[in-house]
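Okay, so chain A shows up in both of these, paired with chain B first and chain C after.
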Partner chain A sequence: MLRNFVKSLSARNLRCSIKNNGVSQSFISRRFIAPLSTTEPALKAEKVKVTFIFHDGKRMETQANVGDSLLDVVVNNELNIEGYGACEGTLTCSTCHVVLKPEDYNKLPDEACDEERDMLDLAYGLTDTSRLGCQIILTKDMDGLEIQIPETINDARV
Partner chain B sequence: MFDVAPSVKSWEDVPGPRPLPLLGNTWRFTPYIGGYSVEHIDKVCLALREEFGNCVKMTGLLGRPDMLFVFDASEVERVFRGEDAAPHRPSMPSLNYYKHTLRKDFFGAEENCAGVIAVHGDQWSAFRTKVSRVALSAGAAAQYTVPVAEVADAFIQRIRSIRNEDSETPADFLNEVHKWSLESLSLIALDTRLNCFNASEDSESMRLIDAVQTFFLSVGELELRAPWWRLYPTKMFRQYVAALDTILSVTLSHVEKALKEIKANGSSKSLLQDLVTAAGPRVAAVAALDLFLVGIDTTSNAVASILYQLALRPQVQERMYEEISKVLQDRPMKPGDVNQMPYLKACVKEVMRMYPVVVGNGRQLTKDTVVCGYNIPKGTQVIFQHYVMGNSDDYFTNASEFRPERWMNRSPAQKHHAFASLPFGYGKRMCLGRRFAELEIHTVICKMVQAFKMEYHHEPMDYHIHPMYTPNGPIRLKLMDR
Partner chain C sequence: MSYKLLRRVFSSSSYNKRPQICIVGAGPAGFYAAMHLIKKLENVNIDILEKLPVPFGLIRYGVAPDHPEVKNVINQFTKVAQTPSVNFYGNITLGKDVNLQQLREHYDAVLLTYGAEEDKTLGIENEDATNVIAARNFVGWYNGLPCDKDLKIDLSCKTAAILGQGNVALDVARILLTPIDDLKKTDITEHALSALSESKIKEVYLVGRRGPLQVAFTIKELREQLKLKNCRTIWKENDLADVDKVVPDLPRPRKRLTELMLKSFNEKQTMSDDGNIKYFKPVFFRSPNKFLIDDKKQLTGIELICNKLVGEKCVPTEEKEILNCELAFRSIGYKSVQADKDLILNDGYVRNDKGIVEDASSNLAKVYAAGWLGTGPVGVILHTMGNAFQVAKLMHENLNNIDDKNKGGFEEIKKIINKSNSNVIDWNGWEKIDNYEKEQGKIVGKPREKICSVEKMIEIAKK
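Moving on to the complex of A and B:
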């Protein structure tokens, strides 16, 4: 039930929409809030390959839709990462923390906005190439992306 | 489930002031004889940490569950990270009674429409999910940038006109800040300008202003003093209920208006309309009610406190002024501007670290949990002492110094524990109004610094719990036009 709800959220719509330069004002279009189900009628959904790498070295490869966030990918593919995405992409927690390779990190089209940065501050094991998965929207040229899922405090305790 | 490790100590072993037979610990909070003052719980907590350590048990409080005060930021982090799907946040028994007993016909009429304040479990979770997407997405507040700036302009005009001959704000300045806060919130939650600064008698605005004021006056009394209202409806309690009824009826009437407008326009154009569209009229009305109950005095006390702290620091104001001028260059504010004012944002964070409006945040444990090495039973109220932790050298280098820069350039050489200062909380129960509160605060502080040089020429003020943590005394700021 919850999962279905999260699934129906298009993460694109929850993304921080204010760029630092304040130029992009298109967010004022309310498209991003109104309908609950915003999965666009994808005639032919484009797919990219993404690989999740867990702290114990385990790898999980999956095909993901372009336009989905990494949080969507985890939820849609039922990857069952414990506690991942607790706040459903509303930028109030940091459970969807991911670490990217520097070259991938630098290629991301959007920098983290202030709201994301405030939450990243609270992420466990923060690195220079950390982001929140709910804020990373897959594009075509991200095919082959490798995503590190960092150790959580619960792993560290054992 | 896992067994408790043998090294874990039991609840009985947690240190803390010993309850007396029959009297428990309640007597400690009695004026004059008890030594613990509710108004100065900040100092009580500092002393408790000094005496007992990072984790202090407070039992035997009349009509309250046992409490555990936590002063260890890493333990706060662990409890937050271990939260389940519906963390229980203790709050306001009187409101609980209003929603779940007195007016249960309304709040229980639809499934999951009781709101977020004083609501728990699945019922809370379902409501929160409906609302948080609309209220917490980063863009939700941005659409209010321009109107919120207009309210801030009106506020500045107002205080220009009420300064005395020495250019000082009047003793009841905080009340003016409350009006600004109510005006801003009505705009966001109800799509309405109330014109609080010059509302006429008998207007809906005046009724709402009065009701909100009555609510704040009575809620502190009802929650902090002996709960006679549980036995019979005291006069204070009846006023409180009448005030809640008024606020609810006003929010309902605005929801109706919003419904009509959505029908007429075929699309939604505001937070309220978005809420109605996404979650239905009743949920929207209750969300607006909750925003009114907890979103006015929190924001206004924060602003009053920040202005006071800035008035004590002319150099900080100068640096802010430079930053603001560079970004705005004499044009009106637009969305995104504040994101280019990192120093302003850091100053707000720094005041909230040293003087958090809400000194502690809490959870009622939904399962037995190990905290600070003790096994804490389910049902205990765990209070995270953010005032104490935020001002501790254990978590922030030179904690007693006002240094906004600490939020801008982090270095590993500087201590900075992210979970020690959390003015909006963390995780699934983080403040639902955070985006709006931040927009309002950043905007009005920006406008004030832009308009005035602020100074303070009276006795330095201590802070007290009232029930927000706020300067104890009239906020008489000298405001000189720039």
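Moving on to the complex of A and C:
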């Protein structure tokens, strides 16, 4: 529990650092100092409903904490989506690729930064409303959010 | 651990009906396949065999030391390995300790994920000259791969050239150009760190036979290179001329990558050279024709053939030029080795149909291939993940069609291996190595100090 809390704090710290100065280096040192930060309202118990929709049409509904990223939601609720979040929210993979409805996508407070777009460029089934789950922070007005999880289909031989 | 032990005691007395799966190669493809199989099959036993005493393959030995975030996936793999139905057996070599036929006799399915460990060669004159290095060995050297720890490389020269423009090429360039103080904080091996701290390399060429629109590296690696402290990127004017005209019509990933190159090209670089600046110099449309050497067989340069683009194709012209350099890296791709005589390799990977390795002896367990061994050495970890899931899905479907599941699995294999090798390393052994490396790392302020000798690994694991 505590580990998750620390983890979500550090993940959020990382996110901020990227947006503030556009620098993607020294993740380690940031991670290291992150637990000292107390500025995040992560303990607020406000919940929103989010639904993950898989490529085969299967739906997975869950209650998620406001302030959590979609990656946190998958990890904390043990949703067991294969391979999801391999780099643990450090913007170095695209396994947490999600597709949003256009109206939800447009409502997001921040646009994807360069580093996020770099990773999305490697994702399968990239769409105009694709994002990385680790970069989407749930807010109160996102209640009822529906998230498509694209299939990780692949044949590496082009 | 005790649960595992208990389970093994029970299962050794009489074969149960659980499907026995063998995975050869404990890299990302092997672990991702195992991840899928334990999710789909409630009752299964998976044995992951690995040539080295330690797991994780290219995550440990390929991913650059300054990319620790990419290695976070090790946490997911560790969870897989700690599942009661999964066993890790290190220090077992296919084709030496055990052969494929034996694995097929004692398992219900065999998945090969042993990767692509050899580098492709150029096949040009003087390729064996001193200081012509396979990028693959250089990567193994700075990452602590036991067979590469004694690599002979002379970094006392000014100019290095990398032949190839993929992500491995960019990794090599970045390691050569990164300020040494930044590398000190990574898990780069001590022998590499000490050699790199003495390095006199001032400029690194990145030579590609095709143009800027065909580069194989990905945007993340380029962005990182362009942001490198104290390093200036010099593009050749002619190479990027007219590229901006085609940019709007490119698909998004290629478009953004090209735009980043153009942005760097158009930037006024104001860095003044106080002696500490290094240079990164991409060169396009050049194919190596021969390595030039002096009378001591020491590299002095590379003769390049100038190419031109005709439509999508790159064709050689009559024109040649010399690139003076005293160090060269060959980074044009990998190929798989034929670990077992029963395997047929084509074009650097095992011949297979959607992951199923074709063969005639149908009375034995089916053989599958995933990851670079099955697809060829292309793509990032994500692609390997997708492929491994796909092949594992197929294995799962086929296993459902086998009624008679009473194979002996590792119980039987152990009897074969024990004849030649008494040092099988299990997960517990790896954890000891892991802890030891982290402890050693602490002393020098690194995340870990890798053990670079197989003997030493075995010694620690057996303690």
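Basically, the second predicted complex is superposed on the first by the 115 of 158 C-alpha atoms of A that agree within 3 Å, B and C clash if a C-alpha of one lies under 4 Å from a C-alpha of the other, contacts with A are read in each partner's own complex, and residues count from 1 in each chain.
Note that in this section a contact is a pair of C-beta atoms (placed from the backbone, for glycine too) under 8 Å apart; a residue touches a chain by one contact, two chains touch by 3 or more.
Since this is a predicted model, take the numbers as computed values, not measurements.
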Partner chain in contact with A:C113 - chain B first, chain C second, else both or neither: first
Partner, of chain C and chain B, that touches more residues belonging to chain A: B
Partner chain in contact with A:T152 - chain B first, chain C second, else both or neither: both
Contacts of A:C93 with chain B and chain C, given as first, second, both or neither: both
Partner chain in contact with A:D121 - chain B first, chain C second, else both or neither: both
Which of chain B and chain C A:N80 touches, first, second, both or neither: second
First, second, both or neither for A:M60, with chain B first and chain C second: neither
Touching both chain C and chain B, counted on chain A across the two superposed complexes: 23-25, 27-28, 83, 86-88, 90-93, 95, 114-115, 121-122, 124, 152-154
Residue numbers on chain B that touch chain A, as the complex places them: 77-78, 81-83, 85, 129, 132-134, 136-140, 142-143, 267-269, 274, 277-278, 334-337, 339-340, 345, 418-419, 426-428, 430, 434-435
Complex interface listing, chain A residues touching chain B: 2, 5, 9, 13-25, 27-28, 30, 32-34, 36, 83, 86-93, 95, 113-116, 121-122, 124, 152-154
Of chain A, residues touching chain C in the complex: 23-25, 27-28, 80, 82-83, 86-88, 90-95, 114-115, 117-119, 121-124, 126, 152-158
List of chain C residues in touch with chain A within their complex: 32, 35-36, 39, 67-70, 72-73, 75-76, 185, 218-220, 223-224, 227, 252-253, 256-257, 375-376, 378-387, 389-390, 447
